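Chain nomenclature is as follows: A, B and C, assigned in order of appearance, with residue numbering initiated at 1 for each chain independently.
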Amino acid sequence: MGTQEIIERCEAIHEDLNFTAARDWKAAEPGRHVIGHLPIYVPRELIHAAGMLPLGIYGGGDQMEVIQGDAFYQSYICRIPRSTIELALTGRLDFVEGMLFPSICDVIRNLSGVWKLTQKDTYVRYMDVPQNYDKEIGGRFYIREMQELLEGLEGISGRKVTNEDLLASIKLFNVNRRLINQLYAMRIEQPWNIPVTEVYLLMRAGQVLPVEEHNVMMTDYIAAIGDVERPQKDNTKVVMNGMFCEQPPLNLIRSIELSGCYVVDDDFILVNRWLREDVKEEGDALKNLSDCFIDHSTRTSATYEPSEELKGAQLVEAVRKSGAEGVIFAAPSFCDPALLERPMLQDVLDANNIPNIAFKYAENTGQMQPIREQAGTFADSIKLWS
Amino acid sequence: MTTEKKAPVDLSKDVQKDASQLLQKEMIRGNYERLAQAEENHKEKVVYTFVPGNLNELVMCFDVVGNYPEINALQSAMQKKTGAYVMEAERAGQDEDVCTYVKADLGMMRKGNIGPAGKKLADPDLLLLSYTGCFTFMKWFELLRHEYKCDTTMLHVPYQGDGEITQSMRDYVVKQLKEEVIPALERTSGVKFDIDRLREHLRESAKAEDKLVQVLESAKLKPSPIDSYFGGLYYVGPTFSAFRGTPECTAYYDALWDEVNERIQKGQGPVTPEGVMTEEKYRLVVEGPLNYTHMREFWKMFYDEGAVVVASSYTKVGGNYEQGFRHDPDNPLESLADYCLGCYTNLNLPSRTKMLENYLNDYEADGLLINSIKSCNSFSAGQLLMMNEIEKRTGKPAAFVETDLVDPRYFSPSNVKNRLESYFQMVDQKRSAA
Amino acid sequence: MKCFIGIDLGSTTTKAVVMDEFREVLGRGITNSRSNYDTAAAVAKQEAFIDTRFTLLEREIAKIPDAAAKMKILLADLERNFRKTQFLEQLKDLEETCISNIAGARFAGVEDQVREIMLAIFKDIADAAHEIYGPNAERKSDFFRDVAGSRFMRVAEDMAKEAGISYELLMNVYDKAIIDVENRPPEGDLRGKFHLGLEFLMMENPNIDVDKEALRDAVNATLDIELEETYVVGTGYGRVRLPFPKEHIRSEILCHGMGAHIMFNGTRTVLDIGGQDTKGIQIDENGVVKNFQMNDRCAAGCGRYLGYIADEMNIGLHELGPIAMKAKKVPRINSTCTVFAGAELRDRLALGESRADILAGLHRSIMLRAMSIIARSGGITDEFTFTGGVANNESAVDELKKLVQANYGDVTMNISTESIYTGALGGASFAHRAVMG
């Protein structure tokens, strides 16, 4: 299969607000269940081990008119909760039996309560991951959180999840993570051959397809990329930051590249890359997941950074590793975590002489001109300086 | 106009104050003085911390002085200083969209950290980040740490996602207290932790909490002798901040209860800045924080119409005592954990909804008013659903106004007044139709 | 006779309704809201009383043999001529005010020239009055400011160019004067104006086959009726600025609910889109408000949004709807913010999208906001009434119908050309109730 075919499939999945691929998976065999989750991180291994499909829900994008969802939220609240509840109220999630709300911010946290009040037949769980990174403290709490989640899932399926089930799922997601890391590494090497929109669409497809199928897709894409030769442009390499929750429209991501930037690292679909190392594949599966979470989590503005010295360190590392020449901060309007974090990260970048710019967007931003303008100017100015 | 004093309103003139209020004012002044002293002579170590989930009893065991940035921000707002602070923080790179409490604090710091009492506040020796029910707190202290480069310790209080406190949550908090928070306080202060001292403070806290509940529940009477929102802010002040667990705090609540009791005996309504309210026309439950930049103006919109707030959720952000929780000297760390876990904004939406529904029924209120605060997503996200749900369950009308805590740009008097008036008239119309 | 008056002081226009003791509406008046709220209220009330006189006159004329059949023409002609008379009176005031404003350093050396041009401009407008108020002339607005202003600007521009004088200078004189003139309500000499109007009418229709004396008597009889201001209720956004005691003030929510109930008895949900805010109101079978929601502080979705768009496109507010109706497709306009919508509009125009399509998209986006306010207030379960100035915009109505249908199925939707008076009508009804019980 060529890259074009694969990307067309991904595009179709991305545009499909009825999640037909997930519906088809569920309908293929009786007794299958689908568990939705919001950004930014949930241990999808658990859902998979319970024989279920983890479905990443990333709002309604720029193609959905939000009518009822607007009645739930004031104008000073970001857009993702309103389009997400709209998805539910318009029946687009009627096949989803459970919803997980990770601890990102107060808005997503409270969305779990909105779900409890309005979607009474759905299993709803707020996933509190520890902000304490001590295995004996936060680690233990996290294991208990995962146990409770497993109990909830078992309640839906009526089937006990064994340690073996969990280890098998861990293996599959380790493969998935490696493939994704490989793709990101290739993107750094040859960004002209792997447009950022393709990387993004592949990441999104992994939120809807079963991991087994996504692994095949990723393998195929990586194999097929060798046949692709696109013209190399004199673009500026940048890292994008702040887009971990409410997603930018695809057009926005495309506009960044069109304006003269190669996006060589990002925080778009963090759940795919949250754990920065493999999870151990033998022993106590929950402990392995917890240990990996404690030791190898991605640092984002939704998490606490215990050490002032390490604030922004991962971002600087991402810049260095990818050979990026600058950072573009793009945050959703009214995103408290991203916007409060930004000045601190900017200080760290400034201290490391890494140029950066910032703008805001919403998932349905329709106007690309100002963004093209800013990103283009940024790219040009970097070229001028260097 | 339904207050005894009929004179035309001059918002600049001195307001009527109770003895308890003066007592509290003195307590607050004393703490600011300690903070100023700490700046001058460096004798006392300074710990910055937050109101919801504050560990005041524990902090006091280390002979340090506590500073509450939220309280500074609200005090500054009442002194009309926060507009400039917020702009200062925005000039320094903070986004216009984000929490104005944070920006008021950062702005104050950038303008020399001159506290509401007019003296420079001491820099923190320790940032005690116990963030209950609000993610922004976490970023707030990261921002302060970024500026002060001082020691920081964090207490992660899990959210009651399923509407209950589990043993796992309690264990997690207790463990953090033992292994992170207490060692950090020992490090900063050089004082060894003494659990008996903590027990003593907790015992004192429980006494004050009993009285506080008595005061708040007096609003079930008709007429209510208190206002549980505007007045309530003063009533919860000492237990929400640097005084809970001190004998002064207990004395304050004794004095307060005496005053309230006297009003009950006389069948009197609440005390407003313009005197005692004479006619109780509407009994309201209010959800959401206060606006501090125009608090008097806002309050006046209520008492001019004869509206009394009989219960509010805001008076539960720094401790939720009505369902029976008390700080417990026999289970010191566990009860601190339960205190943190039980603060209002740590409750999930169904629990919050149920609590307000109960208030409407138990306090025989006419309706619900939501003051939706632009800065506070923890409160605000989901309020519109809560409102509809409560209307459905109780059949009582609800209204929605939007303001902000400390950013004067987000208080539009005509807008708020328009909605309140419409709301009161709707209640009237419904009554006369019934 | 007893008159019960409701005045709705909106952010853009001020409306008044006069009701008799049988709860029948006798007259409606409207004027642009202006810096001086008292004047706006006084003018709207005066207009409503003039309209009341016409209603009463209709009753009188009906008594004249042969006249009843020509009633429509007679009344229309009379009103038109009445308006012309009133216009000329205010124009005279404006002219004098302008002339007296030509003084000071800025006019040094050109006073005479400016004065001369001013006189010429006003002569031109006065001459045009017969045309402006001619039998088949269409006026986009009846507000003095609009009628006089648009003509003034056009003529001033030409004359300034011709004379080599700054156009800005002329406009400065005008801008200052119009505020003064607007805040001086027209004089009350109704009788004179009615008769003058009648004389104009007879001049225009020399062969009219009606007893002229009888007509004059009918006018006199009508004007002899004493209209007592029995009770006035003020409402609307600016109501707190009205010089009324508190018991004479009702919130616009209550008034719109009641007004909609009076116009369409079965109404259970009201959507009102005014200049400053959008309201979703739920009422019961008696017009009593059960619940209401208003837009949050964001102005997108209010009438102002359309005003802003009209300004951006440099067209009149009234032209928006008709242009949008010519759309071939309705693009999705995502910018909910008014200012961004303006930018998006320019972007799309630059990309070659049709003006009609973009406007249709903008109308849809404002109606989407309205839909969320309705949903907040409890949705639509039964008969639904759309009120406020925006209800006169056909494209807005069209989009709303589609959205209501899609979200709430087949519900009766009421829209009336009189819907702008809903709040004032509710106010008049409360005034009636205050006295008559």
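Heads up, the rule we're going with is that a residue touches a chain if its C-beta (ideal position, glycine included) is under 8 Å from a C-beta of that chain, and two chains touch if they have at least 3 such contacts.
Because the structure is a prediction, the values reported are computed rather than measured.
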{"item": "Neighbouring chains common to subunit A and subunit C, by label", "value": "B"}
{"item": "Geometric centre: closest chain by C-alpha means", "value": "B"}
{"item": "Contact pairs, highest-scoring chain pair", "value": "A-B"}
{"item": "Between subunit C and subunit A, distance of the C-alpha-averaged centres to the nearest whole Å", "value": "53"}
{"item": "Whole-Å gap between the CA centroids of subunit B and subunit C", "value": "48"}
{"item": "Intercentroid distance (Cα basis), subunit B paired with subunit A, Å", "value": "36"}
{"item": "Junction residues of subunit B, two or more chains touched", "value": "384, 402"}
{"item": "For subunit A, residues contacting two or more additional chains", "value": "71, 74, 76"}
{"item": "Residue numbers of subunit C (touch at least two other chains)", "value": "296-297, 376"}
{"item": "Residues of subunit A defined as touching subunit C within the complex", "value": "62-63, 65-71, 74-76, 362, 364-367, 369-370"}
{"item": "Interfacial residue positions of subunit B with respect to subunit A in the complex", "value": "92-95, 97-99, 102, 129, 134-136, 138-140, 142-143, 145-146, 149, 152, 154, 156, 158-159, 161-162, 166, 168-169, 171-172, 175-176, 179-180, 348-350, 352-353, 372, 374, 377-378, 380-386, 389, 402"}
{"item": "Residue numbers on subunit C that touch subunit A, as the complex places them", "value": "296-298, 332-336, 340, 343-344, 347, 368-369, 371-373, 375-376, 403, 407"}
{"item": "Subunit B-facing residues of subunit C, complex", "value": "237, 240, 250-254, 284, 286, 288-294, 296-297, 376, 378"}
{"item": "In the complex with subunit C, residue positions of subunit B that touch it", "value": "384, 388, 391, 397-400, 402, 410, 412, 414-415, 417-419, 421-422, 425-426, 429-430, 433"}
